[in-house]
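In what follows, a structure is listed as structure tokens, so that the remarks can point back to it.
Chain nomenclature is as follows: A, B and C, assigned in order of appearance, with residue numbering initiated at 1 for each chain independently.
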């Protein structure tokens, strides 16, 4: 009996210790003796933690086993990380260890980037000398902080360009007589006006990207500012009209007026058929929907975040994640701003399909981020919240 | 204080007994396989008495999971991902719920059967005929449970997925095709294997705990009743605790 | 030959048997008597090796029962028949299957042969034609006899019978007594029988052991027991109630 009690006690004790161990031991590989350790020194590691993954060309090949900080060491090499690498993976002396962000919502991993193929193979406990730390999201955003203000500036620039265009028209060698008598020219003008009209109607009906953007309540503030800007511009146009009055009396005729008007016509036609960036922006229902889902998605998420509902919201409620998301939005703004700024004249903007695809790509990127977040988070949180329900 | 010490002692002795019973019955698995008539009888018992109820249980687990899961996902406009509830079924609900049913149905029956045998001197009669009860009674039951629980889990998973897909169709408006596409897109073989390993261990736990309570039955018919209840409570507890540790270990490996 | 030396037994902390020593010669019938709860069944369980003694030894034909290897123990079990106090029949099997059980476990007899042996054994104990009934369908006395038939299945040369006649009607009980004597003659068996009935015990026993509170009070042939001067033995034989103050009080309370 006493022996039974003793053995039983030992047994329970062993089970208890084993149980405790499962709480504390995260990386079993280390204790199972699989793989071999390598060292790498970094200036900082962001929030990289023990147990985080080491990847080579995207394939998981190990884990971070240990992190130690040595304040005596030079600041560029003050954090030493021990990486446990699977046995069947060779790391060479010229390879580079880079700490990278796992997703826009945080989490880091160590990427081993291949260097010289002919370099020596690293053995147990040796050091990967080439290291780098990819900037964090916040840093990226910090560096390229661009606000809607700048987008607006960009738009204004574009409108100024229209101004210039009309100014060109005016200052060019056109004559009113020609303008008034030339049937062909009149018809062309008609087409231009028609095109602009359809575009603005679409805008009004909330079709197309710009329309959606304008109709979105969330953007009301911005919309108002934008409208103010448009008004300003139309006032400019009004001034232009005044100039047109002057044009009426101008005797000088331009040889190139035909060309300019016809190019303007092509532009507006392109606008109407949905070619070019602005055209696409106005006509492309698909892209409009992309933008609108993106915005509703982001809105949903931020609503949930603010109200603190659901597992997802809990995941997101931390200010950090919120900031990151907002920064992502800013990123989008910055990119469009850059396009607006960089591409100069509206004519170029209208005709350049490349710019369109860039914007589209950017939208997809952001949508991708949101999707990625959604795709990974249900897997993590749905199961959790389901269990929570019971 | 002495009462406390006494209960600690009793717990330790019980731990020893359970461990000894487990080892003994594992050691005699060969006997169970040789005496295939005994084994088939137990296999039949387990399968026959669990099949219907496991199916019904699985079906409703699927329905409920999709009900809640669909609601949760709708908040994020991601109903199409409702197939992910299938993962929860494979990971946890399949093995654990099946283990619960089998514990209630089979584990308790073992405790009652062996408890009655204990009370009516049948165990002693066996021993006096030179037959080890661990070999004759426990091993076939252990093998039957450990073999059949994974099969029952697959069957329960299937029923739950059917229920879930149906619910997804009618309630969440996600076609079964889409449901299963998402499910299989995210399901990994490892997870399936993990769930089956769990099922084998749960089966062992249920059989051993049920038989243990049967063997330690005293006090006539009332004692049998007590053992039966205890066996259910203890196997449920043991299954859950084991689930945690097995999951933790298997996830880490 | 069964030799018990200074046997002590306990359940947990409560001691049940203290310093029992006795020897049963081959082909001898030893009847163990005593009040219920005095440890007779416990003593039998030690003889069969179902329980390990806390102290002392139990040897049967020179080997320690509690220290045998499983193989030796099976050989031992093959030559031993046991009837438990409650019959010990497997309730999940028919009576016939119960009796056939040891035959199937220890012999390679063909099924028809086993059927015949089962019928014979059951007829021996006066239970012809119940092979296909379940134990739960039998009366207490029939269960005992079916248990006896199972104990006899392998033609044992050592028999342990725990209260084979208790609770049976006098006619059946007399039949069982007769059966015990016949078995001893046919199988040349050594027997340890627990019994309460004084008259029948006197009739079948070669030796009688009287237990009291886990101790061996008196041991001898029926004549020696009858002639014993021990007060407790006299009280037991004369079927007198306990005569201490408490007993008196209880009796007074009855009146």
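Keep this in mind: a residue touches a chain if its C-beta (ideal position, glycine included) is under 8 Å from a C-beta of that chain, and two chains touch if they have at least 3 such contacts.
In this text the structure is predicted, and so the values were computed from the model without any measurement.
Taken as a graph of touching chains, this assembly is arranged as a line, each chain contacting the next along an open chain of partners. Pairs B-C and A-B differ in how many C-beta pairs touch across them, and the larger number is found at A-B. Legend note: the chain whose CA centroid lies nearest the centroid of all displayed protein CA atoms is B. Centroids of chain A and chain C (each the mean of its C-alpha atoms) stand 90 Å apart. Separating the CA-averaged centres of chain B and chain C is a span of 42 Å. If you average the CA atoms of chain A and of chain B, the two centres end up 49 Å from each other.
The residues of chain C never reach two or more other chains; the list is empty.
Chain A has residues 1 in contact with two or more other chains. Shared contact sites, meaning residues of chain B that touch two or more other chains, are absent. Residues of chain B touching chain C in their complex: 113, 116-117, 120-122, 124-125, 127-132. Those residues of chain B that touch chain A in the shared complex are 9, 11-17, 19, 65, 68-69, 72-73, 75-78, 81, 84-85, 87-88, 91-92, 186, 245, 248-249, 252-253. Every residue of chain C that touches chain B in the complex is listed here, in rising order: 45, 48, 50, 70, 73-74, 76-78, 80, 82, 84-92, 101-102, 105-106. Residues 1, 4-9, 11-12, 18-19, 22, 25-28, 32, 296-297, 300-301, 304, 309-312, 374-375, 378-379, 382-383, 385-387, 389 of chain A touch chain B in their complex.
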